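Per-chain residue numbering starts at 1, and chain names A, B, C, D and E are given in the order in which the chains are listed.
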């Protein structure tokens, strides 16, 4: 008997509040699903301690330490933002407890900053980039990438270049986060792309508001120069802008209508019932993390000793709303499917609806292992 | 003796005196009195803020210069230690070298800003520093090879202030003493020393001239003080102390990032603490930092209690939700500016005067 | 005049050469050349807006001259900023009171003393900037400040904030700051304006005692002709920024330009009216 | 004293915690010049400010043309037809001389509606104002500012003008003009309450006088009476003025 | 009088003519008294610099069509920035209040617009005119709401701190935090889309050189509104007494009241207008980005502060020129050297302040 304490740390306040809310909802739904509503594993009660990192690395760090030391959490899950995640990594090592990262995406979390207590259910930047590259990687395609001018953007482009084998990337445009006027950047891209032969794409890997999509739509690039837009998925409110780009292609992590499996069906049904809205990007992530935790505990029969848990989790496969995920032994990154989509404008939805073109199976996305053990 | 130590700048209010004694005792005994990672973190943050705010008060309260670039120097100090520790590996050498480098940069930069822009009108100076600080933040995230960009830098401390250092087999006075406790006391010592030094500076002939400049810079010039020189000195000194505070914060967190040291939010916190505590009194920095850091860290917990009590009440429960803690911090913010026009210290001193009369 | 036997006195000799300032098209001080001898009190009179205050501002460095030079004891001060001119010995009391409002009356004076001592290299620290001593330890300065306050009869108000003083007392404190600076050249700009009749003599006595020292140069702007007549050794008249008359008080006052432009044609001698 | 336009009866004023006026009583007869004299700190300025509603009456009453001003806000008091020249002149330094005058002329909506006749009349006394008409008022000399302050109060006809030490910093010839101006105003049936340190001017202008000390009125009477009585001057003002100025 | 008398400017109607004998019949006491010192000429230099920047950009960019695209975009962006900053300049220039909470009114305006346009989208349907009307309705409602909230803001938050810059900064910042949180309570913390109605989508294409320049429709509308706001503010401030009164009231409130004006009412009115302008700016900014987050206020804060510093803190014309400079500079440098674009605002500010330490059009005495 006894309890298993799980600390769930997210940016409940601050600019990422919306994301954090989804993670938390997803995580709680996930626990319910995985325990069949009992909230117990191997006779142990699961207790979730929610903590707010306010989107600040120092706060997150202190919160994690407090979770391990003061609240005696056995496992911690979170956080929302990559900088916070990176700051947290050494704390897990210090307290010799597991930190399951979800949904912070930075590659280095499971890369050079990794330590053996770190697992991640969320996809990393490379997976995103690789999937997007896979969606566009056809012979004859000419691509200009538009990305944030920061580590996130540059890493993503680097990964995209690695995974682009057949298409040609002719231009990289980096714009600062918080750019409000995309005219100049787009003008540079247009000048580069317009006289190229072949199918022309602007591949956008952009995080943060404002986004360049409205501007791209207003410029009629497709009609004028035959330039198409490609980008990854996002949360639903952000995909409203996609409505202007019927036919746009890209790859995404999760959209509630795409994966066909019982877990997702359960999630969509329950989420609708509770919130009168479909689950979103980070809801699925939160649920996956919860399922991973429960599966690991099942495997150790409720034993929360860190080394046992690590042993149990390495190589662990578990069913999530987006199908089977597997923690890769080497860097503890969950390998997972991604989805190549095409946007359809459907008046029934406020956002552009991504329709599945093909599942990009986890096996296809051979992300290099970047950590050193 | 005590009076000399405090440069004859006594609290001048019995209540304030007791509050200060209490705060000092609590901070000295914090690791033993309030066990737990969070409590210690709060205490350490309070200490760093005391130094940071006191250094800012030298500028704002004593010299009357409104600057929004103070976090810049705070950040430089923190990054100095962090960059050196990541590049050269952990160790005292790196820490000292990093701090020395940061100090150099801070001094040069503050001198430059001072000489360039202290000639403009006060409001312009404030606005310019606002823009400079935001540009510096952009720069820090752009130079990601050195600074780690938005992700920041995580690094290791010299051995005996790193958490892995556990010199005693058994708990001392019920506390498992590790490197973090040593780090805490290191910070406490340095902050105490530098605070007394600041107190000395504001009570020196130099410090009195700063006040004169604050009151009427035109007149100060006319009796023979070169205000640009004094203001620049004030700028440089306060930058130096802020750099030290930054270095201490870095040592405590073993992490730096733009949000932790450079953000405008921290600048606002500093401003608010100065005003709540009482401008132009070093003790205001102490009282204000304690009040503010406590509120910042425990308000959310407090609201949790309120929210459970009000669970179910439609709009109200939304408003007292712990996720809306910023709302309440904002309200406190406004109310304290309202109700403590001269700060807590000013209030207490006025009360003491009235009692005497 | 360096090198003359009257070195100490010569040091206090103030001279302006072609001093001029223009504000846009308006010439407020127009090529004023004048010498002021130590031990004398020169009154500067002229209509409102004649440029008297501006002339002071040019001498003490509050405004930069468009043309011309300011010399003190033969040294050219034109390029120096105001604080350095003050350190060289040009002291100034303002027409519109300039005090440190939220500091105590005594602290106001003490700061002037500190400035003076720093200027003479006697304040310690780096170039007069002293971070490490506690100011309260400088008891001599505090005592001196108190003594000066007694002179202007503000001794019992030493603790009050300057801003809480009534207008007349503020004017006296303004004068006290100048006394504390102990400059070679004293410049008073309407020191008695707005002071009630019973307070005026206090300030006038002070100026008289300065004059009696014989080693300082005193410049006085004043509209009260009885005061001017009584105190001054010499009067210069500014009009539209130009120096239009210079000489013995009696002669200058009697000159038509003063009678017409300054006192007004219809002006009768005030005493005449009172008698 | 047939017809007082302004009456103060037992006025007490507090500034913060300080009790400044301790029951001020006097009346200002219509169409005359009343002098308010007293040493520094006697409470003259405070009295004027209390009439204007800038300090609140804490006890007693102020009546203007029979109406109590006690409950009125400053703008309303001004609308009763009272103009005020404060001790510190109250010049709007950011604005030009013209704009200062325009604000004082409540009925003029813009510069073209200013009363040219009256302006010329004012320029006659204060020629500097014409010269610096488009100059920022903050850059005027001390005396010029004082002229502007007075000019603002007389740029439109008002029933009562409260003036606080207008002569300070003015050259003798301008003081002469000021006296003439006030005399002309008096002829136009404007009542004037004048605080003044310049006894010469007080004598030349005043019809009646009230002397204050320590927040009270200690003497009222005709100006001529005071001007001729050295002993009384000595007692009330601390100095015999006739001999001095 | 010496020979250097200055020529009087031609007298404006109603102004007494120099040299005319005074009506009172008294001779002027000084011969020079009749000569007026002329008013300073209008300062064209900042406008010339603006023009120079536009002209110089052409050879630097090379392609005329790109140049026109960027210039048009830059001008429109500048004018949008002008609208969002204009309320701040107004409030600072007239009332000397540094409103760090200005951003919250911008966010408020944008959120109100999402509700209004969301509500009207069914009604407007495909009808272009109706869509147009819905945009204007959103602007009107946003202005009204922001203005009303501004009214309350002035009463509760700003009134006690007139004249105290530091406290203004703090208290308005506090107000901003509270406002942002309340927005989150009402509209939720999520980003909300604010799509442009179809009529305003897309661009016009102007063939030029070897390409065609794209001029977005929405930006044209925004530019027109920006110019309208500028003209209206210029008119009210220059031609009516309101501007004078408030400037005077900031300096010496007691004196303005003594002259018989109810200054408090005016103050709160100006603040409400300033907030209303921020609300309008918020709608325009939101439509420009096509999405709004509760943080947009905080995000634009530094930008608008830079603009008003460049302009000269409180000068409407300065704010206008400053906003245009910022908009154009951002577009030109973004095209020519994107790295530099990051620092273009601050670079511009430093350059301007080195040239004119008080900004392009200094407001006297500040």
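Keep this in mind: contacts are C-beta pairs under 8 Å (C-beta built on N, C-alpha and C of every residue); 3 or more make two chains touch, one makes a residue touch a chain.
Note that the structure is predicted; figures quoted are calculated from it, not measured.
Trainee: Please identify each chain that touches chain C as well as chain E.
Mentor: A chain counts here if it touches both chain C and chain E, which gives B, D.
Trainee: Where centres are the averaged C-alpha coordinates, which chain has the largest centre distance to chain B?
Mentor: Max centre-to-centre separation from chain B belongs to D.
Trainee: Between what two chains do the most C-beta pairs come into contact?
Mentor: Top of the contact-pair ranking: D-E.
Trainee: Once you find the CA centre of chain A and the CA centre of chain D, what distance in Å lies between them?
Mentor: Chain A and chain D have C-alpha centres separated by 77 Å.
Trainee: Give, as an integer number of Å, the spacing between the C-alpha centres of chain E and chain A.
Mentor: Averaging C-alpha atoms per chain gives centres 40 Å apart.
Trainee: Please report how many Å separate the Cα centroid of chain B from that of chain D, as a whole number.
Mentor: 52
Trainee: Using the touch rule from the top of the page, what residues of chain C touch 2 or more other chains?
Mentor: 47, 261, 264 - these are the residues of chain C that touch more than one other chain.
Trainee: Where does chain B touch two or more other chains at once, residue-wise?
Mentor: 138, 142, 324, 326
Trainee: On chain D, where are the residues touching two or more other chains?
Mentor: Within chain D, residues 128, 132, 173-174, 177 contact more than one other chain.
Trainee: Chain A touches which residues of chain B in the complex?
Mentor: 36-38, 41, 138, 141-142, 144, 148-152, 154, 156, 163-164, 253-255, 257, 259-260, 300, 322-326
Trainee: Spell out the part of chain D that touches chain C in their complex, as residue ranges.
Mentor: Per the touch definition, chain D meets chain C at residues 38-41, 45, 87, 128, 132, 139-144, 146-147, 165, 168-174, 176-177, 197, 199-200, 203-204, 237-239, 241-245.
Trainee: For chain E, which residues count as touching chain A in their complex?
Mentor: 63, 66, 69-70, 73-74, 77, 184, 188-193, 195-196, 201-203, 205, 212, 214, 216-218, 288-291, 293, 295-296, 299, 303, 327, 330-335, 338, 341-342
Trainee: Going by the contact rule at the top, pick out the chain E residues touching chain B in the complex.
Mentor: Interface residues on chain E, with respect to chain B: 98, 157, 160-161, 165-167, 169-171, 173-178, 180-182, 184-185, 302, 305-306, 308-309, 313, 342-343, 345-346, 349, 353, 357-359, 366.
Trainee: For chain A, which residues count as touching chain E in their complex?
Mentor: 15, 17-18, 21, 149, 173-176, 178, 180-181, 183-185, 187-188, 191, 209-211, 213-214, 217-220, 224, 235, 237-238, 240-241, 243-244, 350
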